[in-house]
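In what follows, chain A forms one complex with chain B and a second complex with chain C.
And then the complex of A and B:
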């Protein structure tokens, strides 16, 4: 009961934040003076939120459909048993479930509750924001068939599979998730006598939509808070301050990774944003922006923390950071693409 | 039982391995180096005395690191400029024919991204004497001819239906010329200094493309008059266009099609482009980096002569003095925006026009028509301060045109036509500043230009 109150409280807080931003904008439009930073903050906040919300909706919808149409046996049957093969399969699963970094989180959680192996799930979680048809197409549109596109796909898959393999040491997926009763994960069924996959097609679709709706509102509040934190940081720490730090082989990578975290842009459009840095920043740092950003940014971390244990999030973020840093600094100093 | 799970240990171990690998990658440092796409003059090649020295890099460079490491032996004063990822060294004084120069870019020059030039880049080249190229009536139409050295005999470079005008590239390797086509338009063609590799560069259709000029970085500016909209109508007012000879891509200098202008001239550093605006009666000088324009009032229809660094220009304009129209020379400084008379006080005893600065910036050649001299001209040469004047050619009853200095600032090349002669054939002459001697280079020849 306490958890339900907490959840409702957080949802209320998030909605209040959203209303406050919109309300203050109207207030300002009516002629009341507000500091310029507020308009910057509200614009960035709304930009991030409006961009990400449809993808979260898509992810929760996919999660609902998985819940009612895919049973545990099917996942066990379809996914490879071997950890490496499972991680690679997870890394490529984005071509089947094209979701970006917001949508992938509820979907991964759903897969875990259905018994997906940790290596496969973590690899899917990290890779699918990049390795899906929409992001491949947008990266192609921005950079064409060239090294940036190939390296983005290759590095994302490599990092996702590597981190996934590390998590293969955790035998049970539940150990990665926050200790929340399964029943509290919207729509999750523990009743093996009346599984969620039972009923007519209409009933199942109706149930999938209900689950998606519940999950959207559950995750949405963290998206609002995450977007607000990202907007706040962008307002306080302007891009120019970061870009002024340096453009050497190591510094440029660190700056672009920090920028990716700070900007919290959806992976479907980040390739176009990164074009602005081509020529002034190293190719390796552009890649770090395109690889690290979709895996780790402020709003995604907020959502990760809602779903996974803190240690899981810490390990995931740290290993992703180290692997991206090493790979892109290596590219800067040795390949010069 | 251990406090750490296998996952904890795996994360710790992998972190150590990754950090060690990162340390190793950083310790090994840059293995990519600096990509050099090309340089000029060519290794052990023979270059023009006015040839720009350049190095083209594959990436954006830390300009300071390059400039501080670039040297030329024997030492030559000059200016370094960047155009994109290419650095140009523009000699203040021309290189000496017969001398061998050694260029060195020392190791340590780096890209903006920190990639280092691991080893010195060194190359040498020689310098050739300048020749002359001109138009000569050949079988009833004008063709390009060249003297590859002042003592040599002229050689025909083109066989066409009549060359309209031409422009020699700054490195002296290529000549752009204009030629009428079967639509009565004028196309732009390219031929090398030996008369080989002749090719159509720009098909202008019914438009007339002419009066081209090469920049030091290889771009071409030219005038383009649109063809008649309907048969029997006249040509449109010319605009200034830019052309990349490597790709054939051509664009208007100004997006605004109402900006009229012709006779473009690049500053020696390609930082400015001047053209004449016949509608507003002014010389327009465009700063090619900022797009800012400077307007110089002039009614004479031609642009002026640049100083070697492009910072100043000498030009002339027509003034009304006691009811009489006289040309006078002015000097404009583009940095201070000052416009001052070249001679102070302004002489009232003649008509001074067509100032041409020597490449070393020491001498100015002028066409002078004394007040009592009728329509005949003289050529005078004066130092930059104008304190005295030498007469380069005062042959009676003559007209002079197309004055230009050789890269070494010793010879003045010009076109002379004697008025009232039985056979008024145009001739190409040079005047030697050191010996004060004039020498005929070619008969039946006009529009001479140096072939550096």
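And then the complex of A and C:
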């Protein structure tokens, strides 16, 4: 009973606050003097958040559903034992679970807690933001049936599988993850009397929703900090200066990779954004934007740090960076696409 | 903070985020933040937030919440978008954002498919983006000289321009404002200096071929300039 009163009270408070806020907005609009940059920052931040939050939400929902419907044995049975086959399977798993770079992170962690091999999980994490039907379709829509589409898919898969194989040297997935969150999350399934995949359909769905809500809070704060940093950098760092640097086979690649990290846009639409640079930038640098951006950007790295050990993140980002750089500079120098 | 109180706060925030997303969509100010083609995504996100919030509320009332011990301060970080979203008045990007983003004079956007659309479009319905594109794609932009132009945008005083010129600009947003780029057309008028930066104007006149950074660039020799309110969709969606 106490709880019902509590929640009604808080709900009433929220409504009052909302009314106060609406009044305050009028007052603010009437000439509350904040610097223009503050409004720009707020608008860009909210833009990134509004666009990315639904994707993260769908990822945590997928994670909740996996928790209550997929048991450990199924994953062991379905996934190949061999590291190379596992990494390739992980790289292609995005076609089964079409999530983008925000959603894939809670889902990958969930798979790891269910016993997925490191190579498979890391390959899935890095590849699925590109190797999934939605992103393939949007890249096709932007560039058509041509070299950019093929190279984007090929390079992303290659880099994801390679980095995955490096992590195959680590025999247990648990060693990649940050220790504390793993314990918290397995809290629900550690209870052997009530395993997560038990109960009626309604009970399971309800549990999936509770997990998704909790996980949104856990991951959401890093999405928010990442979006704030990206918005701040965009408000302060002149992109014009960055773009003015960009020519030459090596420099153009570095500039476009920096821009991918800075913009932190979702992989489902980055193909359209990159179109603006076709013509002024080398093809290799456009590819580096399309391959590196989905794997590494400010908000993704913030989310990685929440889930993985710092060392894991460092290796993952560094390897991805080097491989993308080498491949796209090679393309610039040797293949005139 | 005790566990139940923490759970209650999370519940209220999930419901708040859901309300925020649906409210932005219904009030139309969503277009200050993202491209209109992602409206369905925000609606979906709003409903999922509400669903999760209701599940959390039910869990709280029956005290069967999931046992998560994520640090308590996380709740207050999730409050940041709620506070900024509800407290700060919605304001689209304007010419003050142009200082770091710069003006895009080369619009590769849309590629070959676009130029067919452009041919079918009457010249007085073209936006500033369409005009910049027309000049990018035309082998000889002089064919546009003398055509009637009718555009809406905000005033931006660029240091590269003459005393009788300003830019009428718009932001083009492909996905969300994070990828916004500015495009603009030069307006020629004797009263250029009287128009303050950021004022939204409706300019009509005739197209002439000018130059910016050594490249042919569209100029409108202004017949009339009227101040207008900010359009409901301040950005162009390429």
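In this text, the second predicted complex is superposed on the first by the 300 of 337 C-alpha atoms of A that agree within 3 Å, B and C clash if a C-alpha of one lies under 4 Å from a C-alpha of the other, contacts with A are read in each partner's own complex, and residues count from 1 in each chain.
Here is the rule we use: a residue touches a chain if its C-beta (ideal position, glycine included) is under 8 Å from a C-beta of that chain, and two chains touch if they have at least 3 such contacts.
All values reported here derive from a predicted model rather than from experimental measurement.
In the overlay built on the shared chain, the residue A:85 is in contact with neither chain B nor chain C. By the document's definition of touching, of the two partners only chain C reaches A:211; chain B does not.
With both structures placed on the common chain, the touch criterion links A:170 to chain B but leaves chain C unconnected. Counting the residues of chain A touched by each of chain B and chain C gives the higher count for C. By the touch criterion defined above, A:221 lies against chain C but remains apart from chain B after alignment on the C-alpha atoms of chain A. Contacts of A:264 after superposition: chain C is touched, whereas chain B is not reached. When both complexes are overlaid on chain A, the residue A:137 reaches neither chain B nor chain C. In the superposed pair of complexes, A:248 makes contact with chain B only, with no contact to chain C. Common to the chain B and chain C interfaces on chain A are residues 279-280. Within the complex formed with chain A, the residues of chain B that make contact are 5-7, 10-11, 14-15, 18-19, 21-22, 25-26, 28-33, 35, 60, 112-115. In the complex of the two chains, the chain C residues touching chain A come out as 4-5, 8-17, 21, 24, 30, 32-34, 38, 41-42, 44-45, 48-49, 51-53, 55-61, 63, 65-70, 74-75, 77-78, 80-81, 84-94, 96-97, 99-102, 104, 106-111, 174-179, 181, 238.
Residues 3-4, 6-7, 10-11, 14, 18, 21, 24-25, 28-29, 36-40, 42-51, 53-55, 57-58, 61, 184-185, 187-188, 206-207, 209-218, 220-221, 224-225, 228, 230-231, 234-240, 243, 263-266, 269-270, 272-273, 275-280 of chain A touch chain C in their complex. Residues 166-167, 169-170, 247-250, 252, 279-282, 315, 318-319, 322-323, 325-326, 329-330, 332-336 of chain A touch chain B in their complex.
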